[in-house]
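In C-alpha cells below, several structures.
In what comes next, chain A is part of two complexes: it sits with chain B in the first one and with chain C in the second one.
Right, the complex of A and B next:
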C-alpha cells in the first residue's frame, strides 16, 4: 500500500452513537418548530449585528453634512479622499505586506514548532507549553521599550520587518499550540508507513501530514493575517516614515485632537474591513472544519 | 512511493511560487530600516545647520496637509535642510514620545502642548529654548500669555521648553435656527444658557437643549462650567497649597451643571467623548454644545455658516467671564537632536508671521505670533475672532489648570472621569466627587512643591 493510499484508508474513529431519548422527555422534530421561532431571534440578532455596519456604510457614502438615513444622493468623495489625499493606498499596501509576511512566517515557524511539540518528548516540554500559554497574558505594550531597543540596535526601526517580527512573535505561541494539536490528531502510523516506503522524516511530513493539516493551517494563517492586519501598537511605535505606516495607524490619524471627519473615518473603516471580510468569506468552510474536526480525514 | 510526473511538476511549481513569494515579502519588509534616531552628527549636538531633521506632528492626519506646505516652503528657503514629516495620531502621540524617550529615536522637533509638557520636561527630553528665542527674529513677537502658559507648564524650573504656535479656547456653539424659532436670545450669560437648555428640550420629539460631555475629556469641560459659574478666578488658594475645586461655590455650580444630564441632554451623553458629542450635535437637533475652536470647521461642513454660531463661554450677571485654560500648543526642540541649529531654524520659520497665520487659519485657532493675529482672516472666522478678543480685551479671567503637575493627566482623566459619570447618574454627590479630586490635587501639588522647592 502506498503512502497516499494509506492516507486515504487511515482509520477514522467511529462517531459515537446518539443517546436514546430519555423516557417521558418530549422531543420536537425540527419540522414541528414554527419557522418564526427560528427566524425571528436570528433576524433580531442579525439586525443588531448589521446596524453598526450600515451606519458606517451610511456615513461613508452620504455627502458631508447630510442627515439622511439612506445613502442617497450617494458620493464616493470620502473614499477618494482617504485613498488618495490621506495615503490609504500606501497604508493598504503596507498592511497587505505585513499581513502576508506575518502569515507566512507564523505558519512556517508554528509548523516546525508544533511538529516538535506533537511528535517529540523532551525534558522541558510541559514547562515549554506552560511558558507558551503564559506568554499570552503579557500585553504587547509591556514589551514596547525592550523591543524598540532591540530593533534600534539591529537598525530595523522604520522597517516593516520589525512589525512582521513582533507580530510573528506574538502570534506564535497560540499558533504553535493549535498546530501541535492538529498534528497530534494525525495518526503517527501514517508517518511510519511513509518511512517504511523510504521517505525521510521531512518528506513524510510534507507528503503525508501536511495535506491533512490544511484546515488547521488555514485557521492559523488566517488568524495571523487578521491579527497583524488589525494590530495598531507595533506599527505605531516602530514605523516613523509616513510611507511605511499601516491601515490601523492611518485610521487613527483621521481623528484629530479636536476635530474628526466622520465620512472619511467611515470610508477608512470600510477599506480596513473589506480584506478581513473577504478572507473570512473564503476560508469560512475550512475555518470551521479546522477548529472542530481535528484535521483528520480519510 | 508513487508520484506522477504531473504532480511532481505541480509540486515544484508550488514550491517555486512559495519561495518566490517568501523572497519578495522578505526583501520588501526588510528594506530600508534604521536605528530610529534620524538626523546626523553626534547625539545632542548643534550640528552644521544643514542636512536632515525629523519633525513629529502631534496632530497627524488632520494637520498633515498644512504642515507639508509649510515644510515645502521651509525647504525652498533652506535648500540645505531636509525635513522628514511624521504625522502621529493625537491620541497616541504622548505614548509614542514616552517610548522614544525610554528606548531612543526621538525626533529633532516635535509638537509639544502644555498638557504634555510637564511629562516630557520631567524626563529631561527637551532643550530649553529661552536663549534661542531671545536671539531670534521672533523675540518680542510672540503672545506673552501663551509664553507664560507654556513656561508655567514646563515643570517648575521657569524655563521655556516649547515655542507656542496656537491657543485654543472654549466655545459655546449654539444653533441659531433653533434659537430663533424658540424666540431665544443668544446664550451669552449662564442664566440665559440654562433657560435656553430648558426651553429647547422636548424629549418626545427627540429635541434637546444641550449635549454634555460624560466620557473621555469630561473633567476639563466640567471644570470650565464650574469656574465659569462660580466666578472663582484661581485654581489654588492664596497659599498655593490647596485647590479651589471643592470650594462650596464650585460644588453648587457643578451640582447645577450635572443636573442638566438627561433632563435637557440625551441619556447617551454619559459616554460622550468629543467625537460623539460633535457628531450628534452636527447631525441632530440639539441646541447647544461646549467644545473648542478645533471643531469649528466640522460644524461648518455639517451645518454651513448660517445655522450656528460659536461664542465665548457665558458670562456672570456682571458681565465677567471666567474660563479654564486650554492647553497652548507649541513646538519643542528635543535634547537628543543631532542637528539643533537646523531644528531651531525650522521652529523659527514655522512660528513666523506668514507660516503661523496660515497654520492657524487652517486650524481655526488663535495665532501665537502677534503679527499673524492681526491678519484679516481672523475677522472672517467669528469664533476665532471672538475668542481672540475675549482673551485680550480684559473681559475674561483664565483659571490656569495645573498642567505642570506630572500627575495632572492621571487625575483629570483616569482617576476622575468614571467618578464624574457617577455624579451624572446621581450615584455620587458633586461634593464627594470634588472633595476626592481636591485631595488628589493637593497631594500632587505638595509632592511637586517638595521636588521643586
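Right, the complex of A and C next:
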C-alpha cells in the first residue's frame, strides 16, 4: 500500500468505530430523579399500552357470549374456527411466503445498492440518493391504479409475486439507505487490508464486512418481513382470489362481516401478531442500536 | 473533490493492483437491480398517474373512457365537496397525530433513558405496539370500542359514560377514537428514535452543566433539546408524511366514516380506486396529493441537507 493511500486511510478508523460501548449503570446527578416521577407516568402509560393487548387476548380465549373479564373458562374454539372455517391456515401460509420472499429480495438488492452507495463515488450517485429519498414520499396507496395496470399487463394479478414485487420496491429505499450507513461504519481500511492479503473484493466483503453488518441486516430484514406481513392494500388490490389472500385482508374481511364474530376476529388478530411478536423479541436488543447506527444523519 | 478525482481517473489497464481494483462499472451493476425495480414500479407508475389523471378511465364503465382534459381536476376543485373535506381532515389528522406522538414519545424516551429497576422490561413493554400493523390495531380497537362488550360497557358499569355508545359510529367521538388508536401504535416510533438519539448525547455536557449548577429543567432545555433537534425535525417530517400516506388503520377502523368524517385524501384515493374503480378520477386526486407531498419533500431535503458530503 502506497504512502498516499496509507495517509488517506489512516484517520478512518477513529470516527467510524461501529458501536461505542454502552455506558454501564453509573451514578450521576442526572439519575437522581425521584422514583415516583419515573414509575407513576410509566405505569399510567403501560396501562394504555397493555389493556388493548389484554383485551384481544381476553376475547380470543373466553367463550362466545361471555362477559367475564378473565379468560376463564378458557377455550380455543375461536382459534380452531378461524384457522379452518375462515381459511386463516391458507392466509397464514400466503403471508409467510410473501414475507420471506420480500425479506430475501429486499435484503439482497439493498445490500448490493447500499455497498455501492457506501464505497463508491459515481456520476449518478447524488441523483440516485435523491430518487431514493423522494420515493419515500410516494406512498404505495397512491400508486394502486398504475401498479394494478402493470401487474395486469404482466398477467400477475392473483399471483403472490405481484405483492412481493410491490412490497420490495417500497421497502427498498429506506433499507438501502440504512444498509449503506451500516457499511459506512465499517472502516474501509479493513477491506483494503483483506485485498492486500489476496482476497478479491467479493471475498473481502463476505469475510470482513458481512459479519460486521449482522445487526444492520437483521434490522433491515426484520423491517422488510414485518412490513410486508403487516401491509394490506397491495394484497387487497392485486389478489382477488380468496385462496391467495394474506392475513391482513382476512382480518379486514372478518371485520367487514355483517355481524362481526368478535371471538374469531380476536383469534385471527392473535394469529396475525404471533410472527411479529417473535421477530420483535428477536430484534429487541438490536433495535435501538440499529436505529442509532443506521439513522439518517442530519 | 474526491468525486472529481475519481471521474478524471483514466480507464485502468486490465492488469492492475488489487488494492485499487474498482471496475468503473461495478457501482452501476450493484445499484442496477434497485434502479430497474424503482424505474419500473415507482417512476413509471408515477408518470402514468399523470397520464390517467387526464383520462376518463373506469374499467367498469369502458364506454365512457377517453381523453378528459382537466375535467377530473375541475371536478375535484369545484364540484367535489368531499375532496375539500378530506384535505382539511388530512391536515388535522397529521398535525394532531404527529404532535401528540412526538410529545408522548419524547416524554417516554426521557423516562426509559433513566436508570431504574425494571428498565429493560419497561422499555420492551413501552415499545411493544411498535410493530403492530394498522389492520391489527383496528381489530384491537374495534374490540375495545364495541358497544356491547367493549371497554365502554365496563366504563359504564363504574359510572363513566353510558351504555350502548359506539365511539366509532358517532361523528362527535370518532375523531378522538381514531386518534387514540393510532397514538397507541405511533408513540413507540418516536420513543425508539428519540431514545437512540438520547444515548448518543455526551455525558460530559451534563456533568459540566451540573458543575455550573444547572437544574434538570435547564439541562433538558439547553442540552437535551438542542441535541435532539435534528432527530426531531427529521422524524416529525417523515412521520407526518407517513401519517398522511398510510391508510391501513383508517380504512379498516372507520372506513373513512361515519359520513366521510375520517377520510384523508389518500384514503379517499384508495377508496376511489378499490371500491369505485374510478381510476381516472383517483389519478387526478393522486396528482394533487403528489403536489402536496412534493412540497413536503422539498422542505424535508432543505432541512436535512441529505446527500451532501458526510461529516
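Convention: the second predicted complex is superposed on the first by the 252 of 298 C-alpha atoms of A that agree within 3 Å, B and C clash if a C-alpha of one lies under 4 Å from a C-alpha of the other, contacts with A are read in each partner's own complex, and residues count from 1 in each chain.
As a working rule, contacts are C-beta pairs under 8 Å (C-beta built on N, C-alpha and C of every residue); 3 or more make two chains touch, one makes a residue touch a chain.
Please read these numbers as outputs of a predicted model, since none were measured by experiment.
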### Message
In the superposed model built on chain A, check whether chain B and chain C fit or clash.
### Response
clash
### Task
Would you check which partner chain A:240 touches, where first means chain B only, second means chain C only, and both and neither mean what they say?
first
### Which partner, chain B or chain C, touches more chain A residues
C
### Message
If we overlay the two complexes on their shared chain A, which of chain B and chain C does A:220 touch? Say first, second, both or neither.
### Response
neither
### Query
Looking at the overlay, does A:255 come into contact with chain B only (first), chain C only (second), both, or neither?
both
### Task
Would you sort A:268 into first (chain B), second (chain C), both or neither based on which partner it touches?
second
### Task
Check whether A:97 is in contact with chain B, with chain C, with both or with neither, and answer first, second, both or neither.
first
### Task
Would you check which partner chain A:137 touches, where first means chain B only, second means chain C only, and both and neither mean what they say?
second
#### Entry: chain B versus chain C as contact partner of A:231, first or second or both or neither
second
### Query
After lining up the shared chain so the two structures overlap, which partner does A:156 touch, if you call chain B first and chain C second: first, second, both or neither?
first
### Task
With the two complexes superposed on chain A, say which partner A:45 touches: chain B (first), chain C (second), both, or neither.
second
### Query
In the superposed arrangement, what residues of chain A touch both chain B and chain C?
67, 144-146, 148-149, 198, 236-237, 252, 254-255, 260, 262
#### Entry: Residues of chain A that touch chain C when the two form their complex
1, 5, 15, 22-23, 25, 28-31, 33, 35, 38-39, 41-42, 45-46, 48-53, 55-56, 59, 67, 69, 109-110, 112-113, 115-117, 119-123, 125-126, 128-131, 133-139, 141-150, 165-166, 168-170, 172-173, 176, 184, 192, 195-196, 198, 200-201, 226, 229-233, 236-237, 248, 251-252, 254-255, 260, 262, 265-266, 268-269, 272-273, 276, 279-280, 284, 287-289, 291-292, 295-298
## Note on the structure
In the complex, the residues of chain A that touch chain B are 2-4, 64-65, 67, 85-86, 97-98, 100-101, 104, 144-146, 148-149, 151-164, 194, 197-199, 207, 236-237, 240-242, 249-250, 252-262
### Summary
As the complex stands, chain C meets chain A at residues 2-3, 6-7, 18-22, 24, 26-28, 30-31, 33-35, 37-38, 40-46, 48-49, 52, 104, 107-108, 111-112, 114-116, 122, 124-136, 138-144, 146, 149, 151, 153-154, 184, 192-193, 195-197, 199-200, 203, 206-207, 210, 216, 219, 230-231, 233-234, 238, 241, 245-248, 251-252, 266-267, 269-270, 273-274, 279, 282-283, 286, 289-290, 293-294, 296-297, 300-301, 303-307, 310-311
#### Entry: chain A partner contacts - residues on chain B that touch it in the complex
1-2, 21-22, 25-26, 28-38, 54, 56, 58-65, 84-92, 96, 99-100, 102-105, 107, 168, 274-275, 278-279, 282-284, 291-295, 297-298, 301-304
